[in-house]
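Before I ask anything, let me first share the structure, which is written out below as structure tokens.
Here the chain labels run A, B, C and D in written order, and each chain numbers its own residues starting at 1.
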Amino acid sequence: MCGIFGVAGHREAANLTYLGLHALQHRGQQASGMVLWDEGHIREVVKRGLVVDVFDDKALQYLNGSPSGAAGGLTIGHVRYPKREKHALQNAQPLCVSYARGPLGVAMDGAFVNYEEVRCQLEEKGAVFQSETDAEVVMHLVAHAKAPAVEASLIEALGHLRGGYAMVLLAEGKLIATRDIYGIRPLVLGKRDGIWVVSSETTGLDLIEADFVREIEPGEICVLQGGHLESHFPFAKAKRACCAFEHIYFARLDSEVFGCSVHEARKRMGAALSRVHPVSADVVIPVPDSGVAAAIGYAQAARIPYEQGLIRSHYVGRTFIEPQQSIRNFGVKLKLSAVRSVLNAKRVVVVDDSIIRGTTSKKIVSLLRSAGVGEIHMRIASPPTEWPCCYGIDTPSRAELISASHSLEEVCTHIGADTLAFLSPTGFKEAMQPANGFCDACVSGRYPTQLP
Amino acid sequence: MCGIFGVAGHREAANLTYLGLHALQHRGQQASGMVLWDEGHIREVVKRGLVVDVFDDKALQYLNGSPSGAAGGLTIGHVRYPKREKHALQNAQPLCVSYARGPLGVAMDGAFVNYEEVRCQLEEKGAVFQSETDAEVVMHLVAHAKAPAVEASLIEALGHLRGGYAMVLLAEGKLIATRDIYGIRPLVLGKRDGIWVVSSETTGLDLIEADFVREIEPGEICVLQGGHLESHFPFAKAKRACCAFEHIYFARLDSEVFGCSVHEARKRMGAALSRVHPVSADVVIPVPDSGVAAAIGYAQAARIPYEQGLIRSHYVGRTFIEPQQSIRNFGVKLKLSAVRSVLNAKRVVVVDDSIIRGTTSKKIVSLLRSAGVGEIHMRIASPPTEWPCCYGIDTPSRAELISASHSLEEVCTHIGADTLAFLSPTGFKEAMQPANGFCDACVSGRYPTQLP
Amino acid sequence: MCGIFGVAGHREAANLTYLGLHALQHRGQQASGMVLWDEGHIREVVKRGLVVDVFDDKALQYLNGSPSGAAGGLTIGHVRYPKREKHALQNAQPLCVSYARGPLGVAMDGAFVNYEEVRCQLEEKGAVFQSETDAEVVMHLVAHAKAPAVEASLIEALGHLRGGYAMVLLAEGKLIATRDIYGIRPLVLGKRDGIWVVSSETTGLDLIEADFVREIEPGEICVLQGGHLESHFPFAKAKRACCAFEHIYFARLDSEVFGCSVHEARKRMGAALSRVHPVSADVVIPVPDSGVAAAIGYAQAARIPYEQGLIRSHYVGRTFIEPQQSIRNFGVKLKLSAVRSVLNAKRVVVVDDSIIRGTTSKKIVSLLRSAGVGEIHMRIASPPTEWPCCYGIDTPSRAELISASHSLEEVCTHIGADTLAFLSPTGFKEAMQPANGFCDACVSGRYPTQLP
Amino acid sequence: MCGIFGVAGHREAANLTYLGLHALQHRGQQASGMVLWDEGHIREVVKRGLVVDVFDDKALQYLNGSPSGAAGGLTIGHVRYPKREKHALQNAQPLCVSYARGPLGVAMDGAFVNYEEVRCQLEEKGAVFQSETDAEVVMHLVAHAKAPAVEASLIEALGHLRGGYAMVLLAEGKLIATRDIYGIRPLVLGKRDGIWVVSSETTGLDLIEADFVREIEPGEICVLQGGHLESHFPFAKAKRACCAFEHIYFARLDSEVFGCSVHEARKRMGAALSRVHPVSADVVIPVPDSGVAAAIGYAQAARIPYEQGLIRSHYVGRTFIEPQQSIRNFGVKLKLSAVRSVLNAKRVVVVDDSIIRGTTSKKIVSLLRSAGVGEIHMRIASPPTEWPCCYGIDTPSRAELISASHSLEEVCTHIGADTLAFLSPTGFKEAMQPANGFCDACVSGRYPTQLP
């Protein structure tokens, strides 16, 4: 779960990338980075922290180069969500190396299922690894390829890899953008001032006032230089399998992802949930922010008033210190507050996007109980999450997924709700138009790629 | 506009105050501070920054003292919103001085209308001022008073001052909490573990799981030590005039302020607005976050679907740098994004809490237009703001208040909406139950205190 | 022990003060500060840290004001050595307040012996104190004075105070500089570009290429505006008593203090020591840096080779963390290293400026022993320090001064040297030309002022 | 010019390395780093900054691991001097990678003359480079080697490389230390608590109270595990050519380098200089700190008094900002001050270690002139530096070496001295005992290795 962005040559490429990454910040808050190609020279700023913190005045000045610099740069950028890897800084992206044909920058969202295998093969050939990122494997394969140009080397490299990914590369004065053959991870093309721009989601285009042109197709390799686009489809076609979790939780509400509005999809999930699992209640409330659209959908379909019964604090960051003595376990209370006047003695439908380990849901139920709620009917706008993701979404192992090992009743008892219901697989598929092209491995166990 | 908090003696007074201030963070993000009284010694941490940043591990350890420290401390805390003053750090609170009878700490929300006059009188007597805060005037007056105990000195001091304020003092092992005689600024009493706690709003009590006991009364001076409360009413009673802007905009949705739920009041304002200024529309959306409850109230009363058409970014802080070249004026776009699928070609009612200068509304309208909205009907859940506040709310001068000098039509044209309507004074009073005790000087020009 | 600096109006007053304070950094490393008067407005930067850290790009830009600002500012600056006070930041100087006649800034080196008494009297009159500095007492007295101009108020204020001090004030567009009537603490006048400059030592003038003009006289009050100087002597004359410790240890080797070269004075002390306490030895080495000049003096007089047997690390700051496990007590080894080839099997004379608690000398002897020194003859270029300073030098209480309670033999045994000798009072006076005007209370117990 | 350090397994390896690097800080102030091997796991802290800043409490805790950790770790550490490379952080060392046989850490002092050639060959084989360090080339060669153990791989790797270097590696639970076959760069072996320790200079052993055992021999590869040492000499012997610049300038005065005391060598150079280039003078002063020992040698041999005529500031760091307006070029004055009483109207011999570009010498002469010096006789305790170093000393290109293109008279005129003299090659060789084993390429142009 990361966000990627790129500009194929623009006098303000660094500024546009800065803004684009800011609009993708929800896809990763641990580290932010940008690499800029300026006539064969590379400038690089990659650091832990939010976009607004990493790209301070000094960093932007450095990336923008000399104020008189006439020619425009090409950029790739990345925001990173912490994954299985141990070393935060080393794994921050874009990665940037020098190889036989010059500098090479790579930023990637997603994961390869045969990462370990390919890494071992490369190490056998003498490769040394400085990070634990999937992106570094791509770099080594590109460097070992025999092709004369970077796009051909990349095609050769990707032939060895299997997984779900969206990726941007910078080399030889070109921006290359590509997606896996299933289209698991999202990536869109836009244009501003006649120049190509790529972004994980359309929200990145909207902020910089670029026009949305189209998705990059599954398996497509786009070579972008200024306003020029060269498209390659070197691999056999596969059945489209776009990640359903983007619509369930991950993408931003104002984005269009895989050709479908995130907001509309979530509303449809909420409405479907209401039809399949209705309940007599006084009020429908969301778990903010990811449950809002589904809750509105539920409330409208069920004709129960929608209310804001939980407020999310704007001031909780990673740095919050919980006092160390007897006052503990404030956890969710620091982040969410209950609005007593909405909740007191009411029968409440609480709509959330998913249940992973069950710990957050349990805390929310407890918070609502102490605000005097009468009945709590938890409604989840997706089917139970029973399988880990192999394509970059940071779900835990099967052992930690509560629905993988517990019945609906057990989960309901665990979280302390009066009733609990999930969206059915059928209702889910209908809401996810076009339903026939999605990867729902996390709820079905059917993975689009071969697994190792 | 500030938040204040205090604990009248508790082993974890510092931790409780830290959490309480976090829950009041919406009342001020510029500076945070705490003063702790530990058996005659004072510890003090006052700094620019959010509560989570100012009170890091080291600061909390310092405030909590030695781990074996048995006796509990008394605390006062403050979060600060920047006001007319120039020097951010010096004006951060609580202020802490040493005077003839020992250490004295003061934190205040509000303002004195005769500040300049009293400050001049004090300077004539030889007082030197190190800040531009109203709180410092109180300190000098207390120090110049002839009374033998701090509560009597405070009464003497307040006799010279006129304005709207809530205040906490720490001296002689006592926590003193007081409000102006009109009750303009809010302050509530709670109890946890049998110990008195004070907070600007009930949300500060909720987070630390203290029980709400009652408001501090207008003109009441509460002397608190552990579980003991001594109440004084030394001044003539005045007509109750609680600040309406707390309910319009400032207080948190989950708080009960002046004995009235903020959420309910805002919903009533929205509903009243709908009745008086109905419009044919497809969807009602709020300007997040302050417009949410009023928008829900409007939508329910008007039976028009409520939607989340604007999303607020969680990642915009004070440090955001706007790129310096041609890409400018991103302003509101960095903070708010439009959800195109909700808005495109729709007739939209946009509900906001108030219009001050008109600049933000204008940007929001422009943002909505570029998302393809059909018609924009701006509805404001309070009457036009035409008068500056003298009691601590940071409204600009009359010359900058757009409604003070422009007609409704002119404002509508300026912001670019298709129609614009404000809540009428009558509808406003009805929504603000009990309507007969509010200060609405900002919309009526009727100030409860004499002005200089 | 602090350093003060001031410029009486100059387009680059802030830059000059920045450089001047840098040259006085040896007088205080805990906090640095500057206040600038710009046509009635005050700018202020006061912070913990070295001059180079406190005055970064942003701070200097702020102090220098708008680049088009034509008129020159007046400045006072301060570097602070930690004293008896507890709160580092509050006690950082210059202090800056607003009083009846406008803004007032004060920076001071030294101490008042009747500080407690005067502070109590002020508190009885209603004064509130925000720091524990002697300078704040001056401010309150100035504010309570009835005089029409600040220089008259200052004279009235100083009439209540007794001690050793050098001080700079900024008020009413004037820079006022003064010293106590005994001339205990140093302060010199210089000129650059026709503008008056004041500095604790001449090294501050040298760095900014200002010409040294003269000392400010004991008891003199200089009112400086640009190139204009107005001199007042409002107090009865006293016997001159310049602080001997400035020459022993505190002032910089390249300064002229009290009309006498520090370097020459130290060399004379070393030479005198050699005559009175000769010893057969192979080599003379200093404890760097304060013992260097005296060691050269000793070596030249004794005709024994001078060597650099101890090296001082440039990289030890306040932040050095000693590992927490079994490897401890590296203390002096982190700061000083022994040059084995100079020391091995040699009879060594080690020259230091003074012995306070004896702990450092003991560690140095141990360090030398482990480098294989044959004999260690410790020679101290001043008489035993037996009395605490009341005038701002941070010597500990009598109980901690090893020479106050131990005989020469006991001290020698304690530190582990083979022989130990101090400069005699007579030799000391001769070296300190003009000997008849010095305060040697720390070695004689004869304090020039009445004590409380 | 870097410092390296290592410990072959010790419960306090991290603390010992921290202290050792502190003692080597003079060899590099730009970046500091340490890698620790703890039973197959690697911990790594590498950052810009001084040792005391990089290894704060948190970093040392991390490196020391869990407090109950019983087994001792192996460490390598590095302090870095900025070289020809562009990217400071990436080039900080130790480098740490993962390759086919596990983790590998490398830290190096020195340079390979065939770096570009070998890097190109590696890139042709598909290697990707993340830094511009010589150490990274070693890593890639080790990873490409076919040998079964890391020491054999290293031997294979070094077979491809030519240059002057000292290096420490960490892999497979072993610490490997090696020097080039000429012994150009220094590296010594010590023991503490029976455990092997390696350090660039003996000063690193002294601080941690390790015993000096011997130099690592030119071309020796030492495999160290705890108290076990395995020595390999896989390469043909070469004529010993230890870097003369270590004694001229670079090593610390208290170190023994290449079996010879640095202090003694410098004193001999000063004495030789005095014999060959005597002058009638009143005083001999050093340019601190590197000229001190040579100046003492000169003064003793010439029987002219030695004095401290220039003082070096302890407070000038990399962060010093020179004011931006008319007060400029303070350069050397911020770092050095002249002691007027030593210099005024005197005939002064100024002893420095070398002249590189001539700019510093010119500033020093100017500083001395403005302090009233009568005559300035500059004496340089080494022959003219006319050739760049290829083995890691950061001398500039020949074009920038003033002595490479200017006659003695021209240099003297340029710097503004009355006379100038360098030590003759003969005098230099005699001082550098044993003279027959030194690399003096920088003064003679005779490089011990073949050049590319």
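Basically, a contact is a pair of C-beta atoms (placed from the backbone, for glycine too) under 8 Å apart; a residue touches a chain by one contact, two chains touch by 3 or more.
What you see is a predicted model; the values in this text were computed from it and never measured.
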Inset, instruction - Please name the chain that ends up farthest from subunit A once chain centres are defined by their CA atoms averaged. - result: C
Legend entry - subunit C and subunit D, separation of their C-alpha mean positions in angstrom: 36
Inset, instruction - Let me have the rounded angstrom distance from the C-alpha centre of subunit A over to the C-alpha centre of subunit C, please. - result: 60
Legend entry - Chain contact topology (line, ring, star, complete or other): ring
Legend entry - subunit C to subunit D touching residues, read off their complex: 11-12, 15-16, 18-19, 22-23, 25-26, 29, 50-53, 55-57, 60, 64, 203, 206-208, 252-254, 256, 261, 263-264, 289, 292-293, 296, 300, 305-308, 311, 313-317, 319-321, 323-327, 330, 333-334, 337-342
Legend entry - Of all residues in subunit B, those that touch subunit C in their complex: 44, 87, 95-100, 104, 120, 123-130, 139-140, 143-144
